[in-house]
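As written, the chains take the letters A, B, C and D, and residue 1 is the first residue of each chain.
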Amino acid sequence: MFFCIFNRIQFFQTMISKKVNSVQQALEGITDYMTLLVGGFGLCGIPENAIAELVRLNVKNLTCLSNNAGVDNFGLGLLLQKHQIKKMIASYVGENAEFERQMLSGDLEVDLIPQGTLVERCRSAKMGIPAFFTPAGVGTEVAVGKEVRTFNNKQYLLEYAADADFSLTKAWKGDEAGNIVFKGTARNFNQSMCGAAKINVVEVEELVPLGALDPNEIHVPGVFVQRIFKGEKYEKRIEKLTLSE
Amino acid sequence: MLTKEQIAQRISKELEDGFYVNLGIGIPTLVANYVPEGINVEFQSENGVLGMGPFPTKEQVDADLINAGKQTITTLPGASFFDSELSFGMIRGQHINLTVLGAMEVSQSGDIANWKIPGKMVKGMGGAMDLVASAENIIVAMMHTNRAGESKLLKQCRLPLTGVNCVTKIVTNLAMLTIEKHQFVLQELAPGVSIDYVKGVTEGELVISNNCKVMEF
Amino acid sequence: MFFCIFNRIQFFQTMISKKVNSVQQALEGITDYMTLLVGGFGLCGIPENAIAELVRLNVKNLTCLSNNAGVDNFGLGLLLQKHQIKKMIASYVGENAEFERQMLSGDLEVDLIPQGTLVERCRSAKMGIPAFFTPAGVGTEVAVGKEVRTFNNKQYLLEYAADADFSLTKAWKGDEAGNIVFKGTARNFNQSMCGAAKINVVEVEELVPLGALDPNEIHVPGVFVQRIFKGEKYEKRIEKLTLSE
Amino acid sequence: MLTKEQIAQRISKELEDGFYVNLGIGIPTLVANYVPEGINVEFQSENGVLGMGPFPTKEQVDADLINAGKQTITTLPGASFFDSELSFGMIRGQHINLTVLGAMEVSQSGDIANWKIPGKMVKGMGGAMDLVASAENIIVAMMHTNRAGESKLLKQCRLPLTGVNCVTKIVTNLAMLTIEKHQFVLQELAPGVSIDYVKGVTEGELVISNNCKVMEF
């Protein structure tokens, strides 16, 4: 609580707290058939603790929108193993053999979307833009059934905002007010997804005190976050270790 | 009759714990002075700040730190700065729970006019059109009549509109009214103001709520 | 220059320099009848040095897109005094009597646009989105002549990306590579405008060495900037000094 | 015939001072090894980094720092990180000067196919569709023929397209070709490769440039 003087009148005021104490609390309300936005690029910046909890909850028939589908035994691959995902909306799924098996056998519905369109659809949901035009996919099977319009002699497709029940994202540091910052390329889809769903859950490596984050450097202000928690542990698996020597 | 401060004070009772609030220029700004104890709200200003604190002392003044009314401000611990794009994303995406703004006219359908008097005054809409087009919970703070004594609560707005069908509640110097089914519904009277008096200065359809009472402070 | 080993092969590599040494160099190429995006909100975060140079250059018949039009004797008001602006595209112009005079007399064309739409039009230009839907202005005179479409039972207007020759923005710190960071609410329109025009010029209070800015905290990466320079001086005038006592 | 490294080396000659470059997975990634001395380019990776440096030493490895091919990387002083939204803004907004990517097929109209073999391989397009739909300067790096020895330079692509009318230049193990007026134009031959040989493995319309020469390294 901070004590402030506002125009000669005194009032107590502090931030709205978004902190929950466990991944269980954070994921409360996720049920079968829901649509989830899941942050990360490959295995970089994925919400490891939330995914582990989804496995434990054993919710089924999920629709997951995520850039990738993890690898066979990590990331969203863990949900695929247990057949918890009914439909996957992604841009690249090349690192997951189980995924390919389920897709080719018809067990898994798959919607492949250009990466820039995928993230812009999340951003649009977050920002209250119902639809936008983008050139990605014009003239390809991605364009089938979509409105095409020409602006300045170039063709564009009309794409729609994503619609999701929960977003599950991962940040580096965050505070009780829900403000978060990312590190390196672990930012990727997390920034746009956080705020794009009805309930936005973010897990962080470090919860810092209010005021510890520079207000100029916050990547997602707390208004977009409904629940924030400190992840218990992070494996941060590296997909393709590449060294210079 | 309420003072401007009392209008703000009455509106502050609409604040709920956990609300993000955008306050317009004028009377709405005063609402920040009356946040009820025990509830936490955060004030957003559309020029790019969340978690506004009190106005600064002389020593705290920073030219890089203003609100949408161009007044110097301070921030509270846990505040954040962002650009106009993200700021209007918050507004358009309905992440702000309550918007309070002034008006020149409000219609019984919830239309609002507050940005232009043709041939006379053209200040521009600023962020008001984005706010009223997006917010689910819009309270108008204004005087019940204009300087000429004419009603500002109309059947139809005469001035160019800022938004249609968007205002849910109005607090004036005379009363608190809601808008329901294309009617103004009188919910509360300012102390010392009669129902008949409000009727007399309300041009639009006015019905009296069964629970109509005198405002409490 | 940095010496690096990349996959066993040695190469020299450093950033692309965007630095110019004066406001004169930075504004080279601005001519009559051009369209300029000018950052700032009120007098906060305006590109003071670039505006002063525009006055000196005495370019005429400009179209300026900026949230406000300055005050009578500062900000874009300086250009209005000299009748350098033919058309103003803004959201709020209430602080400038000269502006109102020129507009009501018909000397100045004015296009008033909702603030969120204005910034989203800049962002769209920067991001290669030709058009988007927004609810702002539905049912008002802003909607006249515009395409209206309903999504989820709500009406939206189709709005287009801005099209400009130069953007003139102001940041707090920047480096030679064109990376910039803002301070406080001086960020406002500057972030979206920087990168939205054909040539994007940014002036900074401080030019710092490459590597001095944390790569996680850069608000506009240098790729969006064509020219960066250190402003000679900043007045940073306060429009409405408001104190708590 | 060129090795993969030589294909990359030839493409590196297309780099100009001040270019921002996006390199796809595979041969394109190798182009970074051959930046000509005296010019500065910056490498963008669409997962959110500009100013990529060499691969890390064991000590430098950071799981939070990868390229779009999921390989661990380092950054140079002056680098920046950003989210996927801004990254594809750079791409869509044509702020990236050169895109180099691999392909399974290219047509004489500049169409490209590189993301799907129906019933066999469905990895997804990743960022390729955004890149080819937006970039003004697209170079394809690939083998001239597939494993079965069939031409990958076709009249029309047979596989599902990634983009239409977008490829401007191709460097294969046999030649460098441009695409002009719905034809492949043979500009340079790999050392030891004859015009007739290239003709024999190019299914699409092929014309020989008046200035056709042997590649120099």
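In this section, a contact is a pair of C-beta atoms (placed from the backbone, for glycine too) under 8 Å apart; a residue touches a chain by one contact, two chains touch by 3 or more.
The shown structure was predicted, so the numbers you read here are calculated from the model rather than taken from an experiment.
*Asks:* Quick check on the interfaces: A-B is repeated by which of B-C, C-D or A-D, going by over half of contact pairs matching?
*Replies:* Among B-C, C-D or A-D, the interface that shares over half of its contact pairs with A-B is C-D.
*Asks:* Quick check for the class: compute each chain's Cα centroid; which one is farthest from the centroid of chain B?
*Replies:* Chain centre farthest from chain B's centre: D.
*Asks:* From the C-alpha centre of chain B to that of chain D, how far is it in Å?
*Replies:* One centre to the other, that is 56 Å.
*Asks:* Express in whole angstrom the distance between the two chain centres, defined as the mean CA positions of chain A and chain C.
*Replies:* Chain centres of chain A and chain C, defined by C-alpha means, are spaced 30 Å apart.
*Asks:* When the C-alpha atoms of chain A and chain D are each averaged to a single point, how far apart are the two points in Å?
*Replies:* It comes to 30 Å between the two C-alpha centres.
*Asks:* Can you give the whole-Å distance between the Cα centres of chain C and chain D?
*Replies:* 34
*Asks:* Could you list which residues of chain C touch at least two other chains?
*Replies:* 5-7, 120, 128-129, 134-135, 182-184, 187, 215-216, 244-245, in rising order.
*Asks:* Got the chain D residues that touch at least 2 other chains?
*Replies:* Answer for chain D, listing residues that touch two or more other chains: 54-55, 81-82, 88, 91-92, 134.
*Asks:* Graph of touching chains, which shape: line, ring, star, complete, other?
*Replies:* other
*Asks:* Name the touching chain pairs, would you?
*Replies:* A-B, A-C, A-D, B-C, C-D
*Asks:* So in the complex, which bits of chain B are touching chain C?
*Replies:* 45-49, 54-58, 61-73, 81-85, 87-88, 91-92, 111, 119, 122-130, 133-134, 160-165
*Asks:* Give every residue of chain C touching chain D within the complex, in rising order.
*Replies:* 2, 4-7, 9, 11-17, 125-129, 175-177, 179, 195, 210-211, 215-216, 218, 221-224
*Asks:* Considering only the defined contacts, which chain A positions touch chain C in the complex?
*Replies:* 5-8, 120, 124, 128-135, 149, 151-152, 154, 156, 160, 181-184, 187, 214-217, 244-245
*Asks:* Could you please specify the touching residues of chain D with respect to chain C in the complex?
*Replies:* 17-20, 30, 32-35, 37, 40-42, 44, 50-51, 53-55, 75-82, 86, 88-96, 134
*Asks:* What residues on chain A touch chain D, complex-wise?
*Replies:* For chain A paired with chain D, touching residues are 41-45, 67, 90-95, 100, 103-104, 110, 112, 114-117, 119-120, 122-123, 134-142, 172, 182-192, 219, 236-245.
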